[in-house]
C-alpha cells in the first residue's frame, strides 16, 4: 500500500495520525477519550485491524458506529468483546496484557514524568495555585502499560526540569529507576506535542527531540522546553497524516467534537442528528 | 402449624430433618452435597422459604426440580439467582454473608475440630494409614461461616480427645481461641450424629451431649466418645422428623441416592427416568 | 453512628422510595460510595442527598463526576478519598477546584489514590481482608501525600509492593440495569466497581432502571453482579444517570451536560442550577419533568439504534 | 523450560486440535492447572495428556477429580498443590490414595491448601501481585504442613492474616461453553476459577463446547469471562466434561461414573480402564464413540428439560 500524504489537514488531525502510528497491529490499547481514542480507531481502520481498545469503565474491544464521548460512554459497550468491571480491567493491565497506554497531563519533565494533579504556583500541594482533576487511571497506566504515549501541548511552563508533583511516573530520575521502584510497565515511548515528537534515550532515559512537525524548527521547540534539550543527530520531520488517515478521522469525528469546535453551540437536535448520521456513514468503514 | 411427627422414618431421614431444623428462615446456607443439601431443601420447603443455598462451584440460590448430584451439578444452576466464580463465592463467605455451613469429616474432637485430611495410624502426615480427600472448601467454611453444623457417625475411633490433623478448626483449644486466631466465623453450633446431637458450652466451647435420638441411651453415646463427655442437665430426645419433612425428603430423593441404596445397580435408563420423573413431581412442591 | 436494622438484608421485599432510602441509610457523617464510571453515574441519588441537606460525608470513590463535584459544591462533603474529580468532555470539576483552591463553600480534606487502587480498596473491603498489594503508585508522589499506603518488600520474592488499605463504607449506592425486589442486581455492559462496592459497604442501596421479577433474574443468573444477601434496599429510578448515558438504555445527553457545566463555572451559576434543577423540582421525577420526557424518550430511542440488550 | 511463541496470544485465529494444543503447550515438567468444580471438568484434556505420555507435571488446582486423580494414576504428576482429590458421589480418589499410601505408581510431593486459598493463589497470579491475605486456614494444621503460607499481623489493624502466595502456572486449560477463534471465552453458569486461571497462567488453552463467531460474542459481552488477549489456543471439544455435567449443555452421567469409579478401586481396574477408554480409542472422538453418541444425545436432551441457556 503506497502512502499518499494529505496536504490539507489540521494540527489535531496530525496528532490523531501521529498517535495512530504509535500503535502496532494486535496491540491492546488503553485509550483515554479524545485524540487517543481517535488515534486507536484510525489505527484499527488502517494498518492495525487487530487492535483492541480497553476502556477504563470495563469495556474491552468496542467497535462503535459513532464517536466515543467518554470512557464510560455507551459507544464503549457497542460491539465490544467483553464488558467487565473496573478492577478487572486494571488488573489485566497490571498482569501485562496492555501494550500501549495513552495519557496526558499539565506538566512533564525530561524523564517523562507527568503531573495531572496540582500546579503549586506560589503555594504547595495543600494550597495550590491550580487544582487539576488528579490521577484517575493515569498513574496505573504509567505503572503497568507495556509502553506509554504522552500527549501535551509544547509550552515552556509545561516542559519542566522537574514537575511539581509526579502523578504518573515516566522514568522517574532516569536509567533503571523504574526497575528499582518495581514498576512492571515499560515506561514512555514518546511525547507527542503540537510541534514535535520526543523519544527517550535507551540508557539515560532522558527525552530528546526526535522529529519536528512540518514547518516547525528545532529552535522553536528548544524555546519551549525548560531544560537543556538533547536533539537527535538526524532530527526527522514528523510524518504527515496520509489521505486515508485524514479521511477516516473526519468520518469518525464528523461533528468535530475533538478535532474542531463541535462542542460550541451544539443543540440537542444537531447532536441527535450527528449520532444518527455517523451510524450510517461508519457502516461503510467497518 | 401443628407438628405431626412421623412414625415411619429411616435414620438418614432423621438426619435430614435434624439438619433442616438447624436452618432459620432467611439463612444463606453453604451446603455440601447429600444430607446437607437435602436438609437445606427440606428447610426451604417447610419452615424457611427464604433460605438461599450457596454451592461451592459458584451457584447461588438454586431451586432445582431434581436431586442435586454434586456441588457443581447442573441442578445447582437451575433457577439460581446468581452464577459466579468460586473465589467470589468464598469471598462472600469471608465477608460474613453466609449464616450456616455444613461440613463432615472422619474425626472430631471435643472442641469441634474436624479432620478430613489424613488418619495417621502408626504413621504420620507423610506416611499415613489412610489418606482422605482433604479440606476442599471445608476449612474455609469452618473459618468464616456464621455458624457450622458438623455431621459424622458416632464412633469411638472418630470422636477423639485430639484429632490427628485439624483440617477445619472448631473452637481449637476452647474458650476464645477462635478470636485469638483471627477467625471471623462463629464456629460449630452442633454436631449431628446417627445417635445424638452435641452442642457447645458457651464459655469453655467444649461439646456436650444435648439430645439423644429416639431409642438411644446416654450410656450408648458415652461408650462411643473417647473423652470424658459432659452431659446436659436435661438431655432431650432429638425431635423426630415431621410427616411433612419425611414426605418432602422422599420426594426430593426419590431415587434414594442419599437416603437409601439408590446408587446400587443404577442403570442409565433408570437414572434418566428418575430425573425425568422428579421434574414432574417436584413441580408440585414449589 | 449508623443505627440501621441489621436484618434489612434478609427482607424478601426491599423496595423503597429514593427519598426514604436516602433518609434511612445516609445519616450525616456517613462514609459513602457510588457506582458508575464515565457513564452509568448515580446522579439521582446525588440530587436527593443534596435535597435532604445531608452533611459531613466522607466520600470514597474512583473518578466521581456529579456525586463528587456537586456534593462538594453543595457543602455535603468533609473528606474525599478519590482518584480524580471532573466531568470529562463536557467540562471540569469546578466545585472541586473551588473547594481546594478557594475553600468554597468550605475546606475539604483530600486523600488521593489512583482509579485502580480505589478499585482495590473496594475489592479488599468486599473480600474482608485488610489490604491488597499492588505495583501501581510506585515512584509517584501519591505515595508522598498518602500515609495510608505502605510500601513493603514482599516476603516471597522481595518485590516492592504498595499495600492498599481496604475500605468498608457505611453505605454504598449502586445503580444497575435491573433488580428484583429481593435485591438481586443485574448489569448490562461495564459494571465499574459496583460488585465490590456493594459488598464492601456495611449497607447497600441498589437503584435500578427497572425492577423485574425474580423469575426474570433466574433466567440469566450470569448477569447477577450483586446477590440479594448484600443488599438492604431496592429503588426503581428510571433515567437515574441523566445526563449521563446508561448502557443499553439511553444515550449521553451531551448538549444538556455542556449547558450544566457552563453553569457550574461560577459559584452563582452552580447555586442557581441547584435551585432550578434540584430544590425547585422537589424530586427526581420533578427533575425529569423539567428535563422533559420527550427529550428522555429521544435519548432512549437514540441508544436503541446502536445497542439493545440481547439477554 | 517452555519455549513457546510469545506472540501466540496475538493471533487472530487460534484454532487447533486438542492433540496439537497439548503437544505444543504441555511439555514434560510443566506446571499445569485446569478449570472446573464438581461439574464442567476438563476430562478430554486429561485423557489427551495421558495418551501423550506427558510426565513430571506439577499440578495446581482446587478440587480435581479426573485431572488430578487420573493423572496421578497415570504417573504424570510429580507434585500436587491442591485442596482435595476425590470424585464426590460416585466414588473416591483411589489413585490419589494409592499414590500417598502405597507410592503407586510412584511417590508424589503434596502441598495442601483449601479451595478458597487455591482460588486466591490464582487471583493473585491473575492480577500480578505476589500474594493476597486471607482469614482462612488460621488455627488449622494446613499452616503446619505448608511453609509457603505465612501468618502475619496486618500493618493496619494488627489483625492476623495468612498470606497466600500467587501462582502462575506454565499452562492453564480452561473449558467453557463457547469461544470465538480469537479466544474470547464465554461461560453459562458457574465458572469455577476459570477467569483467574486463564490470566494467572503463562499460556492458556481454551477448550469449548462450541466455537462461535465473534459477532455472537459481541451480542453478549457480559458473558465473556476471558478476553482473547489472555488466550493462546482455542479447541472445540464437545462433551469434553463427560461423564460430568456441563451447565446448560448436558446432564451428569452418574451411572457411567459409578462404573468408572468401581473400576478405579483397584490398580488393575484403573489400568484396564486407561487401555479401554484412553489408549485404544486413540482420541477424544474415539472415547465419545465408545461411550456412544446416542447416550450423549440423551444426556443433552435430559439437560434441556431442566435448563436451557436463554442468552
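Quick notes on this structure:
Lettered A, B, C and D in written order, each chain numbered from 1.
Basically, a contact is a pair of C-beta atoms (placed from the backbone, for glycine too) under 8 Å apart; a residue touches a chain by one contact, two chains touch by 3 or more.
Model, not experiment: these values are computed from the prediction.
Path length between chain C and chain D in the chain contact graph, taken as the least number of steps between touching chains: 1. The chain pair B-C and the chain pair A-C differ in C-beta contact count, and the higher one is A-C. Between chain A and chain B the centroid-to-centroid distance comes to 57 Å (mean Cα coordinates, whole Å). Separating the CA-averaged centres of chain B and chain C is a span of 40 Å.
Chain D has its Cα centroid 27 Å from the Cα centroid of chain B. Each of residues 128-129, 134-135, 159, 161, 188-189, 221-222 in chain C touches at least two other chains.
Shared interface positions of chain B, i.e. residues touching 2 or more other chains, are given as 59, 77, 83-84, 91, 94, 184. Chain-to-chain contact here is organised irregularly, matching neither a line nor a ring nor a star, and falling short of all pairs touching. By the definition of touch given earlier, these chain pairs are in contact: A-C, A-D, B-C, B-D, C-D.
Note for the complex: chain D touches chain B at residues 36-40, 62-63, 82-86, 88-90, 92-93, 96-97, 100-101, 112-117, 119-120, 122-123, 134-142, 145, 159-161, 188-196, 225, 244-248, 251-256, 258, 295, 298, 302-303, 305-307. Remark: chain A residues 26, 28, 50, 52, 59-61, 63, 77, 79-84, 91-92, 94-97, 184 touch chain D in the complex. Every residue of chain D that touches chain C in the complex is listed here, in rising order: 128-135, 150, 152, 154-157, 159, 161, 163, 165-166, 187-189, 219-223, 310-311.
On the chain C side of its complex with chain B, the touching residues are 7, 10, 12, 126-129, 182, 184, 199, 214, 217-218, 221-222, 224, 227-230. Across the complex, chain B meets chain D through its residues 33-34, 55-59, 64-66, 69-78, 83-87, 90-91, 93-94, 117, 125, 128-131, 133-140, 142-144, 165-169, 172, 177-178, 181-184, 257, 263, 266-268, 270-272, 275-276, 279.
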